[in-house]
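In the two complexes that follow, chain A is the common piece, with chain B as its partner first and chain C second.
And then the complex of A and B:
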């Protein structure tokens, strides 16, 4: 067994470079509070990125991730504190809806990009119905978890490590994860082995739905309120995170650890640009430039690999 | 397991029995009333040319298709999986994004729970050691990082690996296609050991030397039927090739093209060695998948530019896989037809609708597209008529070379005859045809034939030397298994 997957080298390197750059610009960030602030908002993004990664792993793409996480945030902020049973039931329903989407996409051979694009409006509408104007509160226990201050290591780091570890065990190590990845690698081989591809795709979507629900809950735990538009950026952030983390759009080649690193890198890129005192008008463009830079580097590394 | 020799094997219940099994795809009868028993300890060689029904037979045995008529049964087991039937197919059934042991997990359902990786690694390592001693494959290697030969070895090892249901019949479809001679010999030796220990194998190969080395019984298929089923000792190599061909009397009478015709200068020459003269119909023959389609695609793509299109292309392409390379499914028949000639119909950047309609009507008459209105969607046509539209699309251009990638696959005989006439007519006008075909009678109508084997030309035949025997002999390899 190799200790470090060579595909992870570049994501780790880009994260390390960004961290050094941020600490160099703003040495005060090099503290417990500073690090927690830097990576705080990365936790929900990391969860959404893992969810997106599971969808990409089965050769689909989810354009409804942001709207879905927003809907979960609305449920968590508006219903979960007052009526925990109903809230939990609704969140479970969200996961089941995701599983049903996966089954539908496989059974009818629909393009996931169309189905999820359509569903993003459904999720968005449901979010507005549940929480017409921004507000609500976070359940106390959720805020307590998200804002906990464990000794020595900030919560954001522990949470990121935990997400990466759990996702790695589930997707890369377990027999269940292998079957899901096989679906992305060669769906025909899977059905020839007598397994139901509909069932497997439904499972993949259900697992992705679970991570997306956790993302929405984590987000509410941090912001203590919900909004139907709170996480719309997550759709593109999560896709970018998967690719930054060494994943590929097709063929089931993904890395959960890489996806979490990709999410951290994207969050940090935002902070880095604020520390540069870049006008917010330019920040999105600059964030895109960082993304292009990393992907270009990856392309060069791949080409060099192929030549050897 | 059943004990050793074939006599004990013959007495034991067969692993699989086909009784009058037929399979048709629409109008096409891929397999016609086949009776076949495979018993434990038997090693069966299966040979036949393109479209003889080998793959259909394999797919019926491995449970991928259900027979349209007749019965496929597995005495003592409910289905093919419980019967221990394993298939090692040509097209590759590994997941490249998984490791070797993870690929075993995809096939074997009992690899679950804690420690499954250890069990899987042990099973696949044992199988690899048994079949390919001295291999250098580790169970945690990623298939995508392995060479073609190594992944083929893994696929074979998975077929023989210990599992919840032991392997009783292993079907190997061209298993040595990407293996070198030494590794192939290891595989053949393993198949013989496996059958001696009571297992059964069905072995398909274009290397007849391998078939003779491994099989104790050879089944010859042609036109969806089994036409010979005898112990290997009952066949000579030449006899085997003769058996695969048609009997002489139902040979097509030579068409006008086969007769002497004035051919022009050589107009094309490819790196593979294909040559064609002006007005010549050049056939690419051989077993499917031996590099013919690739050679055509390379030639065709080298003729045009990725950046510019021209009103006078030097070659046009007629697709065989209509869905993938041919029709625009939501367009009308007329638009599909005029697609390749669009540059000549364009004036000031806009399409001349009147000229488009004229071309459509003209070709509808000339090639006989059966539709009341050329404005109907292309998918309203039958497959044969869709294929005619693709032909018309190519012929409506001024291109001197027409490249055809097995376009008559699955087309009815009436359409075929009409299109053959059209091709002869166009060839007489000076057009050159490069025609890859998996159908023998089409190849026999060519002026010159290049037979492909293993991605290279194995024979060039011209005039009276274009015979079924010569083509078959060049398609199969006689060399002894190393």
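And then the complex of A and C:
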């Protein structure tokens, strides 16, 4: 077995190049505070990306991720501080709703893209109902965790490593993870082996829901309050993060560590373009160009792999 | 007086005269963090910023005043942008925020780094920041007050709201609500979201019109009046009194209707140049002036009398504007104390 999985080599390389470029453009960023400022907003994105990765792993795609994370943010900011029991119950309800969605999609053989697109409006509406105008506060303990200043290594880096580690163990090393990946790889084989695919897909969605709930909570911990539109961007960011991190849309081929690296890369790409003083008219295009560049590089690597 | 003495006096005089421009802020860097540039109001806002700050930099009042706009109108992206500005070493950040609360974490980081943060238009609730704000509740109330003078009998109102979940929409709506409570002969019979865009408003109004009784007036939030007028015309219904929002297409339509059939209404919005007021406020704070945290800017209203002049001054596809000066900022600051 090779030391570094080739699937991971490219995401790591892209991140390293961007880090060097950002430090070169803005030497001030090369400090404890600087690194924290660069990466702390990547923590919720990394959690959402892992959630999206689990959905993609079972051959689905989740277009409601941003709206769902926003809803969680609203619950965390509006209800959790004043009424922890009710807040926790609602968050649990969110996870169960996700599991139910997974079961529905499998049992009725519905296209996930349609179901989640529809649900995005449900989550969005629920968010506005819970928090009609932006506000609320972050629970004190949550902000304390997200803004903690541990010695030597910034919190953003510790959190990223932790997320990558937990997701890796859960998805790549546990029997549970193997079954979920098998569902994406060959659902028929899983069902012939006597496993209930409905139950497995519900489990996959529940785990994704857990990570998405953590993403919303982490986001509120950083922003210190909520907004019903706070995380809409996460839908596309999380999908891009999974693909950037070496995941594929089909076949249960994903990489949790890669997904976290993908999320960090996307966040850093934004800072890089901002330090370059690129006109905003070009920024979306430039972000897309970075994405295409990495994907093109991946195609080349894949072809080279096939030849050897 | 010797020639040398004369020269010295001249130099001292020149220095003294140059002093106001060479204020304490000459080395200071100010950044504008803007969340959105996709409509005529924001374009005018950025143009005003550029016009006024370019001159301020040329005059040596500040070292630089760069404008940054996020590529997508998203709070998370703007929070990252503000954190980047901290790293870039700006002395003050002027913010038009995507969310009054979702940036608080990043704003606090900036304050902790010793940076002055001034928010305007889209203000933030973080206590360490300054707020140059518009009384949007009053704007909504004033709309109904105006209608009460025009329609003493009252009547049915159609309300066009902005983007759901955004605080400005909530505040204007609250004001309209208060106005209707104070004048109970008015009744809101329908409400749609126009998202402050003429095309969205037109579609939304066209969709709800068939189900509505006769409408006496339309209360709006700006950027939606022309679309509403088009929807009424297309449905073949009589044109109600539509409150306008200073957009050029709205003023033009109003002027045409006035010439054709003596149409009367009023138009209110905040001037996009409020960005320049926020800039001067930031400069005053950096200069060491005592500035209260909450400042209020006046509305910019167009009436039947000022319509022709305003229409002439407003660029095609733009919005009625005014650039603020350092003296305007001083006046607003002293009035708020």
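Simple rule for what comes next: the second predicted complex is superposed on the first by the 306 of 308 C-alpha atoms of A that agree within 3 Å, B and C clash if a C-alpha of one lies under 4 Å from a C-alpha of the other, contacts with A are read in each partner's own complex, and residues count from 1 in each chain.
The rule is short, and it goes like this: a contact is a pair of C-beta atoms (placed from the backbone, for glycine too) under 8 Å apart; a residue touches a chain by one contact, two chains touch by 3 or more.
If you're wondering where the values come from, they're calculated on a predicted model, not measured in any experiment.
In the model built by aligning both structures on chain A, chain B fits alongside chain C without clashing.
After overlaying the two complexes on the shared chain, residue contacts for A:192 are found with chain B alone; chain C is out of touch.
Vertex at chain A: the C-alpha centres of chain B and chain C lie 130° apart in angle, rounded to steps of 10.
Once chain A of one complex is fitted onto chain A of the other, the partner contacts of A:132 are limited to chain C, with no touch recorded for chain B. By the touch criterion defined above, A:284 reaches chain C but does not reach chain B. Taking chain A as the reference chain, the count of touched residues is higher for C when chain B and chain C are set side by side.
Using the contact criterion defined above for the overlaid structures, shared-chain residue A:81 touches neither chain B nor chain C, since it reaches no partner.
Using the contact criterion defined above for the overlaid structures, shared-chain residue A:226 touches chain C, although it does not reach chain B. Once both structures are overlaid on their shared chain A, chain B and chain C have a minimum Cα-Cα separation of 30 Å. On the chain A side of its complex with chain C, the touching residues are 26, 28-29, 33-34, 37-38, 40-41, 44-45, 77, 127-128, 132-136, 147, 219, 222-234, 267, 270-271, 274-275, 277, 280, 283-284, 287. The touching residues of chain B, counted against chain A in their complex, run 64, 81, 87, 92-98, 102-103, 105-107, 109, 111-113, 116-117, 140, 144. Interface of chain A with chain B (complex): residues 1, 173, 175, 178-179, 181-182, 184-186, 188-190, 192-195, 251-253.
On the side of chain C, the complex with chain A involves touching residues 37, 66, 68-72, 74-77, 79-81, 83-84, 86-89, 99-106, 108-109, 113, 125-126, 164-167, 170.
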